[in-house]
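Two complexes, one shared chain (chain A), two partners (chain B, chain C).
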Partner chain A sequence: MAGFIFRRILWAIPTLIVVSFISFVIIQLPPGDYVTAYAAQLRHSGDYISLEQEALLRAQMGLNDPMIVQYWRWITNIVLYGNFGHSLEWNAPVSSLIWDRLGLTLAISTLSMLFTWAIAIPVGVYAATRQYSVLDYVFTIFGFLGKGVPDFLLALILMWMAFAWLNMDVGGLLSPRYQNAPWTIDKVINLLSHLWIPVVVLATGGAAGLLRVMRANMLDELGKPYVETAYAQGLSERQVVWGYPVRVALNPFISTVGWALPALFSGDVITAVVLNLPTTGPLLLQALKMQDMYLAGSFILILSVFTVIGTLISDILLAWSDPRIRYS
Partner chain B sequence: MAVDPIGIPVKSSREEELYTAKPWTLIWWRFRQHKLAVASLIFLVLTCLSALFADFISPYTPGSIDRLNTFAPPRAIRVIHDGQLRMPFIYALARTRDADTARVTYEEDTSRPIAVHLLVRGERYRLLGLFETDLHLFGVDDPRQRINLLGTDALGRDMFTRLLYGGRITLSAGLIGVAFSFILGLALGAISGYYGGWLDVGIQRLMEFIRSVPTIPLWMGLAAALPIVWDPLFVYVLITIILSLIGWTHLARVVRGRFFSLKTEDYVLAARLSGASEYRIVTKHMLPAMTSYIIAAMTLAVPEMILGETALSFLGLGLRPPVVSWGVLLQDAQNLRSISLAPWLLSPGVAVVLVVLAFNFLGDGLRDAADPYGR
Partner chain C sequence: MKTTTIQPMPPERLLELDNVHVHFTMREGLVKAVNGVSYHVNRGEVLGIVGESGSGKSVTARSIMKLLARNAIEAEGRIRFRPKPESEIDISALSRQSREMRALRGGSIGMIFQEPMTALSPVHSIGTQIMRTVMLHRGVGKQAARQRAIELLERVQLPKPAEMVDRYPHQLSGGMRQRAMIALALSCDPSLLIADEPTTALDVTTEAQILELLKSLQEEMGMAIIFITHNFGVVADIADRVAVMYLGRVVETGSVDDIFYRPGHPYTRALLQSIPKLGQAPMRRLRTIPGMVPDPFNIPEGCVFNPRCAHAVLGTCNVEAPSVVSFPGEQSVRCHFAGQLPEEVQ
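For the complex of A and B:
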């Protein structure tokens, strides 16, 4: 097991390097560089710098160096000093902007992942054990709808319904009057009343897919002889179903935990923009639109690193739950 | 059981048909049983046709602005007036202003029916870009009234017209994107599955890597890097390429898996022993055996492309106005105010959901039918 984990972590390192390189290339892709953007910003505020000054700045910041040298400087700054560069638009170090937003993204993503599982596993098991029942069809329709409805559309519709019918104020994470208030019971309730929409939106997409997988796996397992044996031993249905086939059917689930994480991050970006959440999504979008490339690149880098780590965790979990993978 | 002239009993015709049927016939029979998939196929064909002939079917052109008809609600085509059946008509719409809020409101004038005609003259356009005409499938004669089946947007443009034109861009982006990723996926998947070894390991690593990058942020990063000044049509091609650069991995996995399982089949070995070239083995013997799987996988890949395009355009990073796509149209429905004022602005979203679902059902049906000898 230790050997497997070690090998798997070794594999993750080149992936991380390539991911960071691609993030850097994305930073460099738009025409112009930091100095052009800086000069434009100065011109905007009525100030200006001459072409010579621009050239001097470029030389000072090493923007004339080959790309690989610049990449090396960027990545060593991040790895050694945690310095992600400077955001032009916010005029602040990138690291001061991103960490609390990332924390919130991670919190919402984790919450919706738990919610996804809380829906998908019991419902999948139910749909498989009561195949072709009315509820099975209902869940099937739900599964297809969840796959077909884009996240942002679901967010829009839920927002509209909550606004028009339930008369709730939606969007953001807190109502304005609680924004700077100390933490009280009321504030927590207010937070929860805002939180359910993003969690439901993010969980629905994921649950729809996982539900189908769970149902199919369960149907495969339920027909096997060991299930019949267990019944013949006189175990109750609950003991049989949850004790044996569910455990086997969960295997593909574990292997998709890693995929679920990037999907949640991706879904979060759009949902957060629609719902105006203070997570990474809107900031990333804004950074991309303003070509604030250090901020955008750092976001892409950090999200990708989380994804790679998520994949790593799910691989390790899978190996832990299924010995066949460990020894292959 | 029938007996033929020489006296040998022949099997009943149905069974005989089953034995002599070609694989594609069997696939068609299997597919036909999947009612939902057949319905989806019909729906998609109709959708594609109406997108293709959007300029003829739509009563107006997507850019035609009507200042006196902003946020007009959808109009129903009716057939009963004063309790009597008559030719299809719509009621005239009277525009008034709310005295308190100064908001424009519309009211149907049930005393003024306006007949809907087939094949009316209207704005000029070039049909399929070939010949110029001003003939539209349907419309109304009254110069002051408009027929807006799905209402109008903030500039008084007809949503139904824009929906059809948007379908052109969105659907073709999906299909072209899948074509791109098909080429990539087929080539790399075939190499990976056929040769195996270090090539396989390398390509597998590449696929794993691409899948481990969060899609939307990467799409956004690449799409944001496209300069705004470029021609919208060129941007459209680039966006589809960006979408397919990430989407090909799924297809490659299917192709690789099929190649792995087919490689050890007896007939492939036989072809190899009789001296067929590698190119011939792959194209003549192996590819035909997996065509149905590839078609199914491609069908299932289309909705992802469509959702990707819609999401990017919705965020303002993909296609931009004046190009009309479903994602671009949904930009207008981004905030609560406009949705509660004009819920019909969400109709492109409904179109996206229907098309995505139809492609999913069709893909499921094709996947089930892909192996007609399975059950």
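For the complex of A and C:
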């Protein structure tokens, strides 16, 4: 097991190097650079910027250097000093922009993932063990509805209902008066009163899909002979179902933990924009639009690191839960 | 429903099935898979149950364990089981999930299945699976259960039982898995072991080893075995008595010798003639039974075997269902012409 983990970690290193390089290159691929976008924005708002000024800006920002030099400068700063560079648009260190939002993003996303699983697994198991029962059909209908209704639409509806009927203050994560206040019980309560909409929105979409997966997996497993063996040992139905087929049916869930991590980080961008959440998704979108390359590059790098770490975690979890993977 | 008074079971009796009917509701209609099966097992005896696929032998066995599929209807009949001389249990009156039934499963009745490859949980070690059963029925702690598991693995002659206990099913060969399966079924010293085609999926050499093992375990532990198979050779090897099933009915029962040397039912005879014998005149084709097993929605009138029977008499066999004719010894035959059939031409 230790050897398995060690090998996996070794493999992660070259993967990360390649990924960081590719992400940097991809960001540079569109024609123009940050200065072009900046100048276009200025002209749009009626300001004027001369070509000389543009050239000066480029020289200051080091945008004229070959791409490989820019990459090297960026990556060595990250690896050696933990410095992700300077956001051109925000004129602030990238790390201060990202880490602020990262905590909240992780909180929302972890919460909604736990919510998703807490709904999807028991409901999926129930629907499979009572296949074609009334409740199974009800869950199926809700599953398809949850999958079919776009997240942002659900977010809009919930916001409207909360605003119009419950007279709640919606959008964002905190009411303005708590924005810069120190953390108190009141602030936490205020946060929770805002948090439920994004959590419900993100969880319903996810749970709807996952409960179908769980139901299908369980139906596959319930028919297998080892389930009958477990019954023949005198175990009760609950002991059999949760002790044997659920253990096997959870494997696909475990192997997707890895993808959940980057999804957590990028969040559901559209939902986040609609709900005006101070998470990472909208910031990444803006950075890409402005070709703010250090910010966008750092985002994508962190995303990739999360993907690699996530995959590593799910590999380890899977090996821990399924001996067939551990030994082959 | 029959209204006869219930006969008390003789003292040596362990299990008695009386007129068991099992039906399945399907989209296409009602399938009557088991139609009035009666057989019994005495303490410490091996009963072989032989029949083609679809004859209802596995379904009957599962109705003893109350492990039938959800669409099954236990229409009629009584199953009585006496794990200890003083306690008689009416299994047919228990519900599938009742505490009493769960105590019987794995505790007093063990079961081995056909597919050793898939009948063990892939994500639990052999030891864990045995330990769960032992802890459930014996109420012992983890350490004692583990000790018991190692002891059981040694008993089924797995090499290095102390290491085997932590192995997973996919690390073992088919024969080893079936041994582990036997250890699991025997983990609480059951008084009855139901073996549902336990050697069908194994190669012939392994089959012989598993049969030897079952025989020696049976001698050692004294449990009774219901051995389900479609292979007469296996029955001759292990069984004391045999019940031959066809289309959800027992057509003939008797001791192994009676069945092999004096088969009374045309179906038993036909089955035996379809097996190659040593010393038989060479160059003769094996006899086959004409026709196919009828489909379960079109069960023939009268004797269910009559369309395929060489001795069928029109007007009798295709009109009236035969009743059971008993012979001295324990042989009984369900045929209109039992005892009147011509001697076999070998």
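Odds and ends about this structure:
To be clear about the criterion, the second predicted complex is superposed on the first by the 278 of 328 C-alpha atoms of A that agree within 3 Å, B and C clash if a C-alpha of one lies under 4 Å from a C-alpha of the other, contacts with A are read in each partner's own complex, and residues count from 1 in each chain.
The rule we apply is simple: contacts are C-beta pairs under 8 Å (C-beta built on N, C-alpha and C of every residue); 3 or more make two chains touch, one makes a residue touch a chain.
Predicted, not measured: the structure shown is a model, and the values here were computed from it.
When the two complexes are overlaid on their common chain A, residue A:W74 makes contact with neither chain B nor chain C.
When chain A is checked against chain B and against chain C, the one touching more of its residues turns out to be B. Using the contact criterion defined above for the overlaid structures, shared-chain residue A:W117 touches neither chain B nor chain C, since it reaches no partner.
Of the two partner chains placed by the overlay, neither chain B nor chain C lies in contact with A:F139. By the document's definition of touching, neither partner reaches A:Y294: not chain B, not chain C. Applying the stated contact rule after C-alpha superposition, one finds that A:F24 touches neither chain B nor chain C.
When both complexes are overlaid on chain A, the residue A:V274 reaches chain B alone and has no touch with chain C. Look at A:V308: by the touch rule set out above, it reaches chain B but stays clear of chain C.
Interface of chain B with chain A (complex): residues 208-209, 211-218, 220-222, 224-225, 227, 303, 307, 310-311, 314-317, 330, 333-334, 336, 339-340, 343, 346, 349, 352-354, 356-357, 360-361. Of all the residues in chain C, the ones that touch chain A in their complex are 65, 67, 97, 102-107, 110-111, 113-115, 118-125, 129, 132-133, 136-137, 168, 170-171, 181, 184-185.
Interface residues of chain A facing chain B in the complex, by the touch rule stated above, are 15, 18-19, 22-23, 26, 29-31, 144-145, 147-153, 156-157, 159-160, 163-164, 170-171, 258-259, 262-263, 265-267, 269-270, 273-274, 284-285, 288-289, 291, 296-297, 299-300, 303-304, 307-308, 311. Residues 224-226, 228-237, 243-244, 247-248, 321-324, 327 of chain A are the ones touching chain C in the complex.
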